[in-house]
Structures are given as structure tokens and as C-alpha cells.
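The next part holds the structures, each set out as C-alpha cells.
You will see two complexes here that share chain A, one where it goes with chain B and one where it goes with chain C.
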Partner chain A sequence: MLRIEGLSKLCGAERYLDDEPLEGPLKGCLWGMTVRSPVSRGRIRDIVYGAGFNWSEFVVVTPDDIPGPNETYLIENDQPVLAPGYVRHMHEPVALIAHADRDLLRRALASIRVQVDPEPPVLDFRVPPRPEQIQRGTDNVIKQLRICKGDVEKVFATAPIIVEGEYETGAQEHVYIENNAMAAWIEDGPAGDVVVVRGSMQCPYYVLNAVKHALKRDETRVRIMQSPTGGGFGGKEDYPSTIALHAALLALKAQKPVKIVYDRSEDMAATTKRHPSLVRHKTAVDRNGRLLAQKIEVILDGGAYVTLSPVVLSRGIIHAAGPYSCDHVLIEGRAMLTNSVPYGAFRGFGAPQTIFAVERHMDRIAQKLGISPLEVRRVNLLKDGQTTSTQQTICGGTDRHALLERALGETDYARLLAQAEEFNREHPYLRRGVGIATVLHGAGFTGNGEVYLNSKVDVAGLPDGRLEVLAASTEMGQGTNTVFTRLAADAADYATDDVLVGMPDTFRVPNSGPTVASRTVMVVGKLIERAISDLAAQLGGGGSPLRGKALKDAIIAWHRVNGGGSLKARATYTPPPNVKFDDKKYIGDAYATFAWGVCVAHVEVDLRTAAVRVLHFTSLQDIGKVINPTLARGQVQGGTVQAIGWALSEELKFKDGGMANNSLTNYIIPTSDDVPPIRVLFHENPYEHGGGGAKGVGELPMDGPAPAILNAVAHATGCDPLAIPLTPERLMPLLEATP
Partner chain B sequence: MAGATDLLVHWPIRPEAQDKTYLDLSAISELRPFRWTDVSLHIGALTTYWDILRDPQTRAEFPLLHEAARQVGAIQIQSRGTWAGNIANGSPAADGVPVLLAYDASVVLTSMAGSREIPLREYYTGYRNSVRRSDELITSIILPRRRYDFSVFHKVGARRAQAITKVGIAVTREAGARAANPWRVVASSVAATVRRCPAIEAFLASGALVRVPSDFFASIDADIRPIDDIRSTASYRRTVLARLLYHSLRGVSATVV
Partner chain C sequence: MNSNAAHKPVCAESDAITIAFTLNGKSHTAKVAPGERLLDTLRYGLALTGTKEGCGEGECGACTVLLDGLPANSCLVPAFQVRGRDVRTIESIPAERLGPLLESGATQCGACTPGVVMTAAWIRDHRSELQSFTTRALMAGNLCRCTGYDGIIDGLERWIASESGGRS
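And now, the complex of A and B:
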């Protein structure tokens, strides 16, 4: 099946918000811009508006203009919409200005000086804070979590071999192709005026909740619509609430439409990033490499506000022990408050960080024992019936050992190794190596998250017999609409042309949950199937559910009888049976199911420059049933490319706590020339509780490449890299120290 | 302004750049072509990287021009960007300037008062500063036609394409020993300007044996002043320069073994 909106994207007919003409509701629109903090922490003394501008022509919004609480609604509501006299990170929004002339606005913005009495910021999450740096509780800890299975200390006391390691990962910018953008305007409604916000987003109901909260309105007077969205990767999970509120506040004050479109440098400097991490491992093993005890400490840089850090930490620690069986596991995690831009959701959501650590650590265990990286995984990979660190019993029929052997066979791993070693004997300055990683990714929200979300999907039968899927799940380039269409058509036995999937609009669609956590096809897809089967059963009048032409005819007939009526069926989430999680003790089924993967990286290191080039990459993934092979392959290849960037080149450079390399020139994402051929293999094992038998695919591809690549670099060069991004600047000293 | 590729990158977000007045040379067709004489190649003020890339004779006689042009930005930039603009912009990370220096180019500066020819190695006086007066334009670049028995260009960027040079070298060895020292060594992104490296050149001509890259450090330290900046570190730049020189010249120079 071709991608639904593929042709309009290909020929440029689909428009991002920035490209939309200022017509219709945007007629007479003003541009909005954001006055930001020039320092990482301090008390605002004054905002000085530059001379030479007629400020009465501008709309200016300060915290006093916020009708409700000055809070961005999320887990703890601790992030203000506009800094109320006190700033906690560089580029924090302080005030808003709007004007019809975008160039004039840009100049006016540059004239504004925010004067701040600085206070000592926390700029390194790894170092315990000094008293004058404390800004939360007594220790700046945002969240602390613990998983405990067995008794690690007892094992350590008598363990024959202990291997320790400390691993670090850096921040990462999403670099979606479309920068954050949002428009807002005021419309008349039956219960008073309605604030309408339309823009680039992953989660329309997150935006709705945020706007309702700070504007003190109910959902009849706030309407959120998604516009065609150019990528998210988590960067449009929570941030759009901020920019939506900014646009709405300006529109309310101006009583005119307002559009805010960030340019790349502003988007990179001011919006969320992947959490930097420090992970310490202490592992007891026997001589065969069997894991006897794993003690793991996970520390995340949370940035200046709580935002999503508690749940990123939660997913991070649950994945920290890897896809391995071990009877004694202690994992302690904490997210630290610092004066950086708040770190937020990013594809993988904490798991890539902890999986990087455990997969590098497994190779280092093998090295210490003098066994192969394959052997240490063969000995420890989970088998069905064994339990994870949260004591979740793994079942479902995927044989992870067979997955590993298949990946080794498909890549001709043994020959690759031999060829690399032969190449290295001959070449004066190039070194080749091969590395592997075995990974897992929990699909859907963690623990009881899906139950709390209580997601809903409506399917409507239209007067002409077609079906319309009504869900808040967003298309952002990953293929939601195409896959939803396929699932609905299959469930109803319809042609795909007879299924509509509209852009989410909170006046029309129920809350099917956020478009995150690899949950859309698996969880929401299943709800679509259930809603269709309910509709078909409803129209079948107690007989067998109608399908295909019979269903279509019945829908048309219903509308003939109930002229002007609305024919809808709704499905609400129910968890699969026997899935139970204790979210106080972190014991039980952390996810309804896991997806599994094996990555093999083949790299070449140039000893002249310490540049690492990935020559070839193979990714074998068990994602349940593949619904659309092209889109699924695209997810795996895209995730791999993003992970290659995170592993090797994407480095945030900070100056005084702010991003200094906030441009595509200096923040180095891979070009097509830096990306190897990526071979994607699927292991199909349908998951009965997922839409079409699918498990999540969005995030798993982000987990394996970084450790596989670093393991390959270690193999190629004999050095022992422990931190990413492994830039040439970071690798060169290791090479210099390696004989 | 010629190709304007340096200027327009930041145009939308730099109002202060928009407030300046620019003289657009792009329509002066006389400045575009390059031409050959018996003794030299004259590159015009508006000759682009792409003009050179399309020309087989420059590839045969000045192969480093092709090597460098292919690694500037992407095709869009190569088709607009000019060699003279690369000199005028004065970036220490320039890709065109090193190979011009390695071929001992000179710059023709023209004003209402007349023209003067300045060796490119004497053109820069400091970071983005040069001997060019504000009433002068670069009207051509002259490369003497000489025989070379070795030449190499390396650009080290943070990725394989679309990258700004973190450290680079251009090296030529002139055949037939016209001068006392046949080596020309040029380094980029390791000082305030792209620069010739007289100490390294002298070291290569001295007959001293080079057994490991670090044997170059003494002469490298005499020639360059690398810094830590947003793109790299001083230490990396110095190490890579030594390693590139060593592996490029190993087996080429009898003294690098």
C-alpha cells in the first residue's frame, strides 16, 4: 500500500504551518516571538525594551497576562509558561512580543535586554551540588527509582569475578525537518469565545490539557488541531504545549491570529533534548560469563524542570539490565535537576542510554574473561519462562537465541571477523572491526501507564458507507495514517480508499493517547479493530458482524433511516489479561510485551584522523507482525541513522549553560555519505494484543546501533571507548594511548 | 559579493548584515572565465568551483584544485561559490585557499588607481584581515604553470560531506628543483589564517629521518597556533596534522619511513 499523503508530500502540496498562506483564520495574522533568558539562573531585575521602536504598535505578553496558573501542565506542573521573575535556564521564555512585520519584530526582539542578577547554576549533573546550587528539595534530585531482585551484595561477597564500568552518553537534538511552529486565533462558540490552536505536534491532548490549565478554560472553549507535521522523535511530545500557550496568550491579548515559527537556531537552543546519562555497572560473573549479580546506577541530567524526566528515568532503569537473565539485580536511578534546557522525550526515552551502557559492558565482561562477545550473550540471553529485573516472566514465543544465531548467519559474522583481521594486518592506517548488540524495547506506556491513559478511538460510518477513523494519534512522517487505513480496511474487509483518517482536531476526535512510546500501531491500532468490530456487530443486529459490502450497505441503510444522525462505535483500552505491575515496588509486568533486536555493525577507523566510518549495518528486529514493510524498514533505517549520529558525531557544545553549536553547520548529523547500507531483517511473530499482530517499532531501532558501533571500534583498534558521542576528538587520545 | 555563499547562509537571521550595502559583481561576465597563458593559469574573480571541476586541463595540471573543489559544501555551493570569494572571505577553514597557496598563487588587486599583484602567501595579515584596501577588488588569481611530482590535499571535517574543515593540508613537491626547497606545505584551520608552513618545509628538506608522526611535532609547533573552538580542539588538530603528514609522505619522501 502506498503512503496516504506520499504524493502530496512528494510534490510539495502538503504544507507545514510556516508555508501556509495567511488566509482564512490566519488572515491579518501577527508574528509572535519569544524574549528569552540570557543566563542559566538568576532573578530578573528588569526587561528593558530598546529605544527606536514604537512599542505601542507591538503586542507584549508577560506572566501577568496569563488568565490561569503560570504552569505548563505535565507531571508536576513546575515549569512556568513564562518565567515569573526568576529564570532557571539559558533561553527560558521570559516574555512574548508580536507584530505584523516579521523583520521589524526580529529587530525589536534583538533590542530587548533581560537584566538578571545571576545565581550559581548547576551545569554538571555528575557532580554533587554545592549548597548554593540547591534548587529542589535538599539535593536537587528530581526523581529516584529502584529495582531490586534477589540480593546482589550477598553475591558480590563471594563472587569469583567482578567487572565494573562507567559509561556516559551525551545530549541529542531531534533535528526534525520542520521546526516547532504554532498558530492561534479566537473564534465564536456557543459557550463563549474559543481559543483555537493549530500546529506541529505529536500529542494534541497534551496541548489541550496545557492550554485549558493555564488559560482556565474547559475543553468546549479550547480547540487543538494538528497541522502537517515534519517529524517529532519526541521533540514534539511536550514542547508544543509551551509554544501553543505562547501563541494562545498573544492571540488573546491581540484579539488577532498569531503565528509563532521558530527558526533552526532558536529551535535547537531552546527546545528539549535527549537526557545525558552516566551509568555505572558492577557485575559478578562466573568463568563462563554467566551473570550472577548486576548492580547498576543510572544518573540522568533532567535539566531545569521536572517535565518528563521521571518517566524517562523509569524506562531507562527498566531497560538497564538488558535482555539477559540474572537472579540478583539492583538498579538505582535518579534524575538530577540542573540549569540546562529541560531534557525531554527522544526516541527510546531513556532506554538507548542504559542499553548503551549494558551492551558495552557485556563486551568488556567478555574481554576480561577472554571469551567472545557472542558467547557472553549466548550464556545470558533471556529464554521464555525466565524473568527480567522487575521479575516479569518473559513469554510470547520469540527465541532470542535463534534471533542472535540468525543475525550471525545472515551477516556471515565469522567471515567478517576474519576479513577484518586480515585487512588490519595489511593496511598502514585503516582498521576494521565488527561489533554486536542484543537489545529489547518495551512497547507502549510503562507499567500501568496504558491503563491510566484509558485511550479511546471512535470509528464512524459515513452516509456514503465509508468508514472514518477518529483518533488523536498523529501522522508526523512515520506513517500513522497509512497503517491505520490498512488496519481499518483489513478489519472491515474494505478497500483502503473507503477508509478516511483525518487530521486530529480535539473537537472531533477522542483522546487515543499521545503518539509516543512505540504504542500507536500496537495499542491504538488494536482499538481501531475493536471499534470496527463493535460497529459491525451493532449493525449486524445480533447476527454475525458484517464485513465488506454488507457492512457498507448497512451503513448506507442506517443513514437513510436516521437522516443526519451520527453512526459511531467507540473502543476503550483494556489491558491484556494477567498483566500486573506494582509501580511502588517496581515489580511485575513493566510492559505488556517487549520487542527484540540484534544489531551487527562493521566499521572502519582511520588512524590518521580517528574518524569512524560505519561500513555496513545489519538490524534484525522482532516487532510482531509487520503491517507495512516499507514503512517498517523506514523506521528501522531512520532510527539507525539517528543512532549513528548520536554514537559518533552529534555533540551538544555548551557555553554558559546554553547550546553553542545551535546550527546545522556545527551540530553534526550524518549526511547520506556518512550512512552505510543498512540491511533490515524482520522476525515476524504476531502479538495477539497488538493491532494487526504488531508490537512497537518506532524506538527499538535507536537502541542497538551505538553500542554495536563502539564494540566494533574496540575490536578494530584495541582501545576501550566508554562514552558517546565518540567524536574523533574523543577517540584520538585513546588511540594515542594504545600501543 | 560574487557567489554570496558565505553571506547568504545567515541572511534571514542577521538583520545587521542586511543593513550593509553590497556591490553585486555577479553580472560582470568579463570576470567569470579563466584563461591560460604559456606560463600561468588566470582564474577570474567570478570563476566558480564548478567551472574548474568541469575543466579537464586544470585537472591534469592542477589536480588539487579539483580535489578541493569537490569537497566544498555540496553541488549547489560549488556552482555558486568562487575562488576569489574564498580568498576574500578570509576564513582560516577555507578549502580553496590551501591548494592555491600550495601552487604558489598570487592575487591581482584592482582599484581605480590601477592593479597590483600580491603573492597569496603575503595576502593575509591576520584573522580575516588582508592587505586588500577597501577600494580594491580581487580581479584574478594567477597560478604559475610548473611541474610537480607529488601533490596531496586532505580536508578533515566532522563528517564526509557538507562539513567545515577542522584541519586540512595541501602539499606539493615541485619537480626539477627550480628552488632550493621543492616542498610547499599549507595547513588550514590551525592558525588565524590558512598558512604556509616554512618550518615543516625546511624539516622535509633537511634530510632528517621521520619514523613516527610525532617526529613532525617540533616543526609543526613552529608553524601553527591551533585553538580549541566549537568544532575541534587544539590537541586534535596538532595530532591529526602530524598523522596526515606522516601517512601522506611515507614512501613519497625518502626521509619519511
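And now, the complex of A and C:
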């Protein structure tokens, strides 16, 4: 099945928020812009509006204009909508202005001076804060989590070999090509005026909750609608709540529609990014490389507010031990408050950081023991029946050892290795190497998260017999609408043309949960199938559930009898049987299932420039049943290239705590000429509790490339890189120090 | 007046510049501000919103149009400079010819896509003159964050194969 909205996107007809005509609700729309903090921390003394502007023509919003609590509703509500007299990071929103003339508004914005009495910021999460830097509790710790299995210290006391390592990953900017954009306006409703917000977002109900909370309104007086969304990758998970509130506050004050469209430099400077990490490993192994004990410390930079850091940390530590069996594991994680822009969701959500560390560490264990990187993995890869660090018994029938051997066979690994070594003997300044990574990714929300979400999907039978899927899950490029259509058509035995997927609108669709965590096809897809089977059973009147033409005829007949009525069936999430997690002790089934992968990277290093080029890359993935091969392959290829950027070139530079290279000129994401074709192989093992048999695919591709590439660089050059991005500037000194 | 015109850059009447140019094969006249970008003229002045803004500084290629037949970042072109020239936007490309790009998965979120298609159309129409370059090198001016480029490169190669010698 081809992407439903694909042609519309290809020919430029798809209308993103800033493409919408300024008519209907957007008639008379003003532009909105954000006044931001010029420093990382301090008390606001004054906001000075520049001379030469007639400020009475502008709409100006300050914290005093917020009807409810000045809080962005999320995990801890500690992030203000507009900084109330005190700023905690560079570029933090302080006030809002709006005007019809965008150029005039820009000049007016540039004239505004936010005067702040600075206080000492925390700009390095790795070092303990000084007393004057404490801003949360006694130690700036946002969240601390621990996984304990067995007794690592007892093993360390007698262990024959101990390998230690310290690994670092940098921040990463999402660079969705459509910048954040949001419009708000006021409509009349039966219970009073309604604040309507439409824009680019992943999670309409997150936005709804945030707008309800700060505007002190219930859901009958706030309506959130998604507009076609040009990429998200986690970057439009929580931050759109802030922009929606800003647009809504301006619209309420102006009593006119207001549109906020970030430009690239504002979007890069002000919005969330991937958490930087520092991970320390101490591992006891025997001479064959068997893991006897793993002690892992995970530290994340959380940025200036709590936002999603506790759950990013949670996913990070659960993935930190890798896809390996070990009886004694201690993982301690903490997310630190700093005065950086708040770090947030980004594809993989903490797992790529900790998997980078463990996969580099496995290669370094092999190196220390003089065995191959394959051997250390063959000895330790989880088998069904063995347990993870949270003591979750792995099952499902995927043979991870066979996955590894298949990846080695498909890439002709042994020959690649021999060729690289021969090439390196001959070539004066180029060095080639091969690296692997074996990875896992928990699909869906962590622990009891899916139970708390309690997701719902409606399927409506329309008067003409077609079906409409009503869910809050968003299409942002990953193919939600196409896959939902396929799953619904298969469940109902319908042609795909007879299935509609409604655009998320909180007045129309139930809360199917956020569009995150590789959960959409697996969890929400399954709810669609269940809702259809309920509808079919309901209309079948106790007989066998109706399908195909019989279902369609029954829907048409129902509407004839119940003219004007609404025919809907709703499915609500129920967890698969026997999935239990203790979220206090971090023991049990952290995820209903895991997806598995093997990456093989073949790289070339130029010793003269320290530039690394990926020559070939192969990704083998078990994502359950593949619903749409083109879309699934696209997820893996896109995720891999995003990870190549994170591994090699995407370096955030900071100046006084703010992003200094907030531009695509010097924040370097890969172009088509920087990356090789990404070879994608699937191992199909249907998962019975996933929509169409699928597990998650969105995030797994982000996990393996960075360690596979660095392992390949280590193989190519004999140096020992421990941090990404491995830019030439970072690699050069390592090469110089390598004999 | 189209409905997006309210968001077009404004200037004093006496500063406005009237330009005549060819737009998607038809003669066209527009009144533009001195500092106005061609991108804004297209999107807000003419409601041709198929051309997207990605970075506003000529790095990402989302705003690519063909200017006298060559790909150009319309965010870097002052509108008055297109006086007397030929401008082609994504709206000039018939959707029914884009099947090969759809089948290969060349579009995901779609925000870079119109720019990608414009560069691809130029490569397809000049393949013989560009033979010494790989399609990967030729597409390097269009950033895509979703596809990893394989869907784009495969689609472009299929498109060239399916319409070799053809021009839209």
C-alpha cells in the first residue's frame, strides 16, 4: 500500500500550518513572537520596550495575563509558561508580542531588552554543583533511579578480570524540516468561548492538558487540532504545549487569531534536544568474556526543568545493560538539573545513550581479553528464558544468536574484515574498519505506563458504510495514517479506500495516548483491530462478527434505521496477560515486548583529516510483523542516518549556556552525499499482542549505529574513542596518540 | 487578492518595485518590497505555498525553485531580482508523474519534499549533462531528516528511468 498522503506531499499540496489560507478562523490573523531570556540564570529586573515603536498597536502578554497557574502541565509542572520574574535558561520565554506586520514585529522584538541580575548557572552536569548553584533539593538531582539484580560487589571481590570505561554522548537537535508552528483563535461554544489551537504536534492530548491547566478551562472550552506535521522525532512531544499556550494567550488578549511560526534559529535555540549523557561501566568477566557482574552509572543532563527527564532516565537505565544475560547487575541513574535548555524526548528516549556505552564497552571487553567482538556477544546474548536487568524473562521466540549470525552472513563480515586489514596494510593514509552492535528496544511505554495511559480508540461506521478510525495518534511522516488504514481494512476485510483516518481533533477523537515510544502501530493499531471486531460483533447480533460487504451493508442498514445517529465502537487498552512491573523496585516486565537488532558498519578514516566516512551500513531488525515494507524500511534508513549524524557530525556548541550554532550552516546533519545506502533486513516474527503482529519500529534504528561506527573506527585505527559526536576535532588527538 | 496576502512583507507604496516575470510558464506581474525574499512573494504574495521554508539561509533546500532552469534557494533570492526571468515552482509539476517517488518512499513528513522534487526534476531533465556526478552528490543540497535519502535516490533513479529524455 502506498503512503496515503504521499502524492499530496510530493506535489506540494499538503498544507502545513503556515500554508493555511488566512480565511475562515484565520482571517485577520496576527503574528506572534516570543521575548526570551538573554542569560542562563537570574532575576528579571525589568523588561524595557524599545523607543520608536507605538506599543499600543502591539498585543503584549506577560505572566500576569495567564488565567490559571503559570505552569506547563507535564510530569512535575515546574516549567512556567512565561518566566515569572526569574529565568533558568538562555532563551527561556519571558513575554509575548503580536502584530499583523511580521517585519515590524521582528524589529520591535529586537528592540526589547530583558534586564536580568545574573546568578551563577550550572552549565556542566558532570561535576557536582557548588552551593550557590543549587536550585533543586540539596544536590540538583531531578530524579534518581536504581535497578538491582543479584550482588555485584560480591562478584567484584573475587572477579578474575574487571573492565571499566566512561562514555559520553552529546546533545542532539531534532531538525524536523517543518519548524514549530501553532495558531490559536477564539470561537463561540455552548458553554462560553472556546480556545481553539491548531498546529504541528505529536501529542494533541498533552497540548490539551497543558492549555486546560494554565487557562483554567475544561475540555469543552479548549479544542486542540493537529495540522499536517513536518517531522517530530520527539521534538514535538512536549514543546508544542508551550507554543500552544503562547498562541492561546496572545489570541485571548487580542481577541483575534494569532499564529506563531518559529524560524530555524529560534527553533534550534529554544526547543528541547536529546539529553547529553555520561555513562560509567565496571564489569566483571571471565576469560571467555562471560559477563559476571555489570555495574553501571548513568548521568543525564536534564536541563533547566524536569519536563520528561524522569522517564527518559527510566528508559535509559532499563536499556543500559544491553541485550545480554548477566546474573549480577547494578544500575544507578540520575538526571541532573542544569541551566541548559530543557532536554526532552528524542527518538530512542535515553536508550541510544546507554546502548552506545554498553556496546562500546562490549568491544573494549573483547579487546582486553583478546577475543573478537563477535565472541563476546555470542557468549552473552540473551536467550529466551533468561532474564534482563529488571529480571524480566525474555520470551517471544526470536533467536538473537541467529540474528547475529544472519547479519554476519548477509554482510560477508569475515571477508569485509580481511579486506579491511589488507587495505590498511597497503594504504598510506586511509584506514578501514568494521564494527557491530547488537541492540534491543522496549516497545511502548515503560513499566505500567501503558496501563496508566489507558488509551482509547473509536471506530465509527459511516452512513455510506465506510469506517472511520478516530484516534489521537498523529501522522508526522512515519506513516500512521497509511498503516492504520491497512490494519483497519484487514480487520474489517474492507478495501483501503473504504477506511478513513480522522485528523486528530480533541473534540472528535478519544485519547489514544501520545505518538511516541514506538507504540503507535503496536498498541494503538491493536486497539483499532479490537474496536472493529467489537463493531462487527455488535452488528452481527450475537452471530459471528460481520466482515467485508456484510459489515458494510449492516452499517448502512443501521444508519437507515437510526437516521442521524452515530455508530461507534470503542476499544480501551488492556495489558497482555502476565505482564507485571514493580515501578518502585524496578523489577519485572519493563516492556510487554522488545524489538531486537544487529548493525554492521564499515567505515573509512582519513588519517590526514581525521574524517570518518561510513562506506556501508547494514541494519537487521526484528520488529515483529512488517506491516508496510516501504514505510518500515524508511523508518530504519531515516533513523540510521539520524544516528550517523549523532555519531559523527552533529555537535551542539554552547555559549553562556545557549546553543551557539543554532543554524543549519554550522549544526551539521548528514546530506545524501555523506551517507551510504542503508541496507535494511527484517526478521519477521509476529507479536500476537501488536497491531497486525507488529512491534515498535520507530526508535530501534537509532540505537545501534553510533556504537557500531565507533567500534569500526577503533578497529580501523587502533584508537579508543569513547565519546560522540566523533568529529575530526575529537578524533585527531586520539589518532595522534595512537602508535 | 489572495487570502495569504495579509502576511506578505509590507513597505511604503513609494518603495515598492513592480516586476514582470514568467511564473510556471505564464507571464506575471508582482509588486514587491525592496528586501522581500522570492520565497515570501511566492508563499504569501501569490499563495503558492508548495514552496516551503526550512532554514531561511540557503542550507536545507526546502524552498528550492527553478530559476531560469537552475535550482535556486528562493529564501536567498531577493524578489526584485527575478524581473524578466523564468521561475518554476513545485506547482508546475504534475502530480501524476511523481509515481516513482511515491513508490520508493521518497516522502515521509513532506516538508523537504517539494524542494527535493524540484532538484530531482532538474537532474532528471539534465541527466546527460550531469553524468559525471552521482545522484547522491547532486541531491546533497536538499536536507531530509526522515528518509535517510535512500527513498529519494531510488525514486529519482526510477523517475529518470521511467521518463528518460522526457521533460515536464
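Here, the second predicted complex is superposed on the first by the 739 of 739 C-alpha atoms of A that agree within 3 Å, B and C clash if a C-alpha of one lies under 4 Å from a C-alpha of the other, contacts with A are read in each partner's own complex, and residues count from 1 in each chain.
One rule holds for everything that comes next: contacts are C-beta pairs under 8 Å (C-beta built on N, C-alpha and C of every residue); 3 or more make two chains touch, one makes a residue touch a chain.
Please read all numbers here as calculations on a predicted model, not as lab measurements.
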Touching partner for A:V175 - first (chain B), second (chain C), both, neither: second
First, second, both or neither for A:Q637, with chain B first and chain C second: second
First (chain B), second (chain C), both or neither touched by A:N578: neither
Contacts of A:N661 with chain B and chain C, given as first, second, both or neither: first
Larger contact residue set on chain A - chain B or chain C: C
First (chain B), second (chain C), both or neither touched by A:T138: neither
Which superposed partner A:F233 touches (first chain B, second chain C, both, neither): second
Which superposed partner A:D263 touches (first chain B, second chain C, both, neither): both
First, second, both or neither for A:S56, with chain B first and chain C second: neither
Contacts of A:S544 with chain B and chain C, given as first, second, both or neither: neither
Residues of chain A that lie at the interface with chain B and also at the interface with chain C: 103, 263, 265, 665, 671-674
Chain C partner contacts - residues on chain A that touch it in the complex: 2-3, 5-16, 18-19, 21-23, 27-29, 31, 100-103, 174-179, 228-233, 263-265, 476-479, 630-631, 633-634, 636-642, 663-665, 669, 671-675, 677-678
Contact set on chain A toward chain B in their complex: 103, 106-107, 110, 263, 265, 428-429, 607-611, 613, 649, 653, 660-661, 665-666, 668, 670-674, 727-729, 732-733, 736
Chain A-touching residues of chain B, taken from the complex the two chains share: 9, 12-13, 15, 156, 158-164, 230-233, 235-236, 239-240, 243-244, 247, 250
Chain A-touching residues of chain C, taken from the complex the two chains share: 2-7, 9-10, 43, 47, 49-57, 59-60, 62, 89-91, 93-95, 98, 101-114, 117, 134-137, 139-153
